[in-house]
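Note that chain A is present in both complexes that follow, paired respectively with chain B and with chain C.
And now, the complex of A and B:
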């Protein structure tokens, strides 16, 4: 499978279809994002294990493609994208955080094991270039078990979980969609400074609400959490609510307006370019 | 068009998390976690996530500075080095090598610390070389050295996860080693019991089965109390004691009188809590002790450490996975700086300078005569400087003007020097007193290795070119040595320095860069084939048998009295790091806690008529600071706490420089103090009160 990706990437670079390819590079057994500009580096291009490709970086608060496109306006970039990477790209494009027109995707389907590890409902991109499509996991047993509990029990569960927080901001930093330029978590009005754990529940609730119509269920927040707060559980439930209430799913269609970005009279808030 | 991620080791605490520095078109833009690293596993703390920011801060030193008529002027490297070499040669000739004091740095790489100690010994000719390990874990190096034969963390960080019981004392792990606390939390969630012995209600106490709040400075007493209960209730591991240890009779005799009742009187820990916590620890299959500076920074620091070792050996909790005595080292490379011999009494690998054979080995390798007399420690150096016996100091990456006890006295010492060279990335409080300041590079601009708290030697990799005209410390030291006339400092790269370390240092014998590209190696690692050592003392202790020492309780050097009725203890907080030179230049960290504060118990605050947020005066026999009051139950009645990061309200103006007699570590964790209402002027302008 990886050979197919490398072959395609090689072809794209050689023919000039793209100027560079954003993907994962393996070096000394460790994996991180890398921008491949030369065909002879492609031996180190890998697709697994999963690693966040686009994070929004502090203090610049922009995703990596935005920054690359800012430095190189006309560059055509290929991206080796899993289902969740593609959803992130769509949601970012919708919010003017990158220019999809200059981006070509090499869509990679996740394996059965990878899908299970993320309990991912949609472990494949729209156009699968490499790999076999496997069915998603429709529901998470942990979530169903939690929902069967009484409200006070659930509250106690979350209180305990959030009390472990060490305010590393890892959930925010690892999130591809946490893109506010003036992060509310860094405003004294909302969150008191210097506390450990940060105020329960406001610190986390701000993020929950902000991500309600953006979260693409990649799970990077939970993966980045040093104390194991089951953040993906909350976001899965939020996505479920947004789907029920607004019939909206983040990361599916670039033309579909996010419900929380519209005014109350149902006209889109975003200006047309 | 270039976007790359460079794997390196986080420059903050001793957990040694690996992280990626993100470089876009030559510019450092951020940090990414490394999912395959054994400790960090794709997670970081707030300091790790922001570890790129200070590197490109506008305050970075970019040119050498020489002080003329009280003012710094920028000069060329050529000129700065000429000045230094001329002065060094002059003072060495005039007064001999022992008027030099040299400070290496726990922030610099192993290679740089090795070169610095080689410079001190082989070029200057003095053993007066030390670094801030003296201030944090000197008592660990001595104490565990005495008891086990090796003064380092016995087990690995990730092993904590599988312990059945973890006893945390004198370590606010969540704040000082957040990614180590992760493993404690994981163990807890898997069913382990957690015992916290700490005067302060640190974040871990929220999850603890027992929180015992001892009066600061009474650690030997409660540990003896634990052992008293263990022996009385037949919970000791008799087989382990018989097979693996010596000196048990002496210990048994000493702890007879430390009954729970007696210990309650000394420490304030209720006897039933002590008994229950002891049973929990002693009955666990795999019990780990985790400690840090609450244990070491006392005039009884070595006694405290040895007591921890006693307790672990008494229950057979050494030499097995997920057990042991685990000192958490504060700085990223404080373990390594000790390992490679930046200490006044040993060369690399803790090989004594007084041992003729060892000295001969180093003399042969370095082609020069070496001094035999052990040198001065950090605090002794500034003391001797004040007396005029130390005349020249060369300080690399350390800031004693904030980190050492009794700062006024440190200033007196440094100002009394005839010549001071400071090599750093920022103009620190110490650098301001220097005659020459050399601009060094940060960890992101050089190659090398750091050794984390669990003895893991890991790579530091260059991500960007040096900022301005700054140079890596290893290059500066080599250049100075060459100009001083030495031919023994010709290294093409840090890898070649490591090869020399490996050659001369048995515990690092098998460490070469090729072997640590992927995963770090844990010493002892004797040969190129040796796989490294995840936990120590497996079949036998490094010294053969583990040694018990009966230790009597001694009070701290200074006790509260009528004039100074409170006990002051100091420490660190999660958002800052040591003297703040890096974290206070990181926006996210600085906004969390922009300045210092003194924690005061609500009962004490009521007595003193102090409200939360009020500016107060804190006084001790050494001095006085003005600082904001934080009224909190974090501290018990009678105890106040001040984080030491902040120069404008520096806790170390107040602390007691009294030293442990052997380890020479100062008593940062207990001194007598007093809190007074500040004479506040209150103005009422436009419907608002303003306090001055």
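And now, the complex of A and C:
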């Protein structure tokens, strides 16, 4: 599979279809995002393991494609994208974080094992260039388990889970859609410095709420978490709720505006009960 | 044991519901004294984080009042409040905090009686739910 991606990338670079290709590079056993500009580098292009590609580069507070496009407005960039990367690109474009018109995708479908590992409901991009489409996993046992719990049980569960938090900000840093210029998690008003674990549940609530209509279920937050807090459970539930309330799915249509940013006339809301 | 006296934080907007509360006072309508009113310029100013923090710091309930849809002084501030509170209540329920502790309603400047009625109802409901547990307040 990876050979096909490399071959295609090579072709695109040589024919000038794209000026550069953003993908993951393996070097000395480490994976990192890399902008491939020369065809002879492509031997180190990989697609797995999964690694955050579009997360905000914290010192400059922007994602990598924004930074490239800012300085090279007409550059055509190829992106090796899985289903979740594609959704992230769409959602970022919607929020003016990159220009999708200058981006060409090499869509890679995840394998069955990869889809199962993420319990991903849609493990393929819209245009699959490489790989075979496998069906997504519609339900998540964690969600069912949480919904079966009573309110006090949920409270106890999350108190235990969130008390493990070491406030490493890994979930935020890995998230492709945590793009606020002034992050609330860094403001003394909401999150006190030097307090561990951070106030339960404010720290995580802020992320849950901010990501409610943005989360594209890539699962990077959960993978980044060093103490294994099942964060994705709540994001998945919220995605489901946003779909129900506003008939909206993040990362599907660039033209569809995020419901929490619009009025009721623009995006009507179904009643809660 | 003494009777449970709920503490309810009420956020009202400056233009409709605060004036509604004022009217209730001027008209000498009786309502339970359990609410503490915080006036905002618009209910759309209310960050959901503030609601959670209120509950976390010991409020037994949070009542959010704004202008009726279509009457917002800022045209669509309350549209956003409505959407935000809906999402907020979902998150609270997943985290194990009873979403009934947060209520959103609309009160216009002419509805002093409606203000009193909502406060009475909500106080009754919170009394039924009981004090917010020690678990929630860290």
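Just so we're on the same page, the second predicted complex is superposed on the first by the 264 of 273 C-alpha atoms of A that agree within 3 Å, B and C clash if a C-alpha of one lies under 4 Å from a C-alpha of the other, contacts with A are read in each partner's own complex, and residues count from 1 in each chain.
Throughout what follows, contacts are C-beta pairs under 8 Å (C-beta built on N, C-alpha and C of every residue); 3 or more make two chains touch, one makes a residue touch a chain.
None of the values given here were measured: they were computed from a predicted structure.
**Student:** Clash or fit: chain B against chain C, after overlaying the two structures on chain A?
**Tutor:** Verdict on chain A: chain B and chain C fit.
**Student:** With both complexes superposed on chain A, which partner does A:28 reach: first (chain B), second (chain C), both or neither?
**Tutor:** first
**Student:** For A:145, is the partner it touches chain B (first), chain C (second), both, or none of the two (neither)?
**Tutor:** Touch status of A:145: no partner.
**Student:** On the A-aligned overlay, A:51 touches which partner chain: chain B = first, chain C = second, or both, or neither?
**Tutor:** A:51 contacts chain B only, not chain C.
**Student:** Touch check for A:226: first (chain B), second (chain C), both, or neither?
**Tutor:** Touch partner of A:226: chain B, not chain C.
**Student:** By the touch definition at the top of the document, which applies to A:186: first (chain B), second (chain C), both, or neither?
**Tutor:** It touches chain B, and chain C stays clear.
**Student:** Who does A:170 touch here: chain B (first), chain C (second), both, or neither?
**Tutor:** first
**Student:** After the superposition, pull out the minimum Cα separation from chain B to chain C in whole angstrom, please.
**Tutor:** Across the overlay, chain B reaches chain C at a minimum of 14 Å between C-alpha atoms.
**Student:** Within the complex, which stretch of chain C touches chain A?
**Tutor:** Those in contact with chain A are residues 48-49, 52-53, 56, 69, 76, 79-80, 82-84, 86-91, 93-98, 133, 135-136, 138.
**Student:** Quick one: in the complex, what on chain B touches chain A?
**Tutor:** Answer in residue numbers: 1-5, 7, 18, 20, 22, 24-25, 29-30, 32-37, 42-46, 48-50, 53, 174-175, 178-179, 181-182, 185-186, 189, 203, 206-207, 517-519, 573-575, 587-588, 591-593.
**Student:** What residues on chain A touch chain B, complex-wise?
**Tutor:** 19-20, 22, 25, 27-35, 37, 49, 51-52, 55, 57-60, 64, 67-68, 71-72, 75, 163-164, 166-170, 173-174, 186, 193-194, 196-197, 223-228
**Student:** Given the complex with chain C, which residues does chain A contribute to the contact?
**Tutor:** 146, 149, 151-159, 184, 190, 199-202, 205-206, 208-209, 212-213, 233-234, 237-238, 241-242, 245-246, 259-260, 262-265, 269, 272
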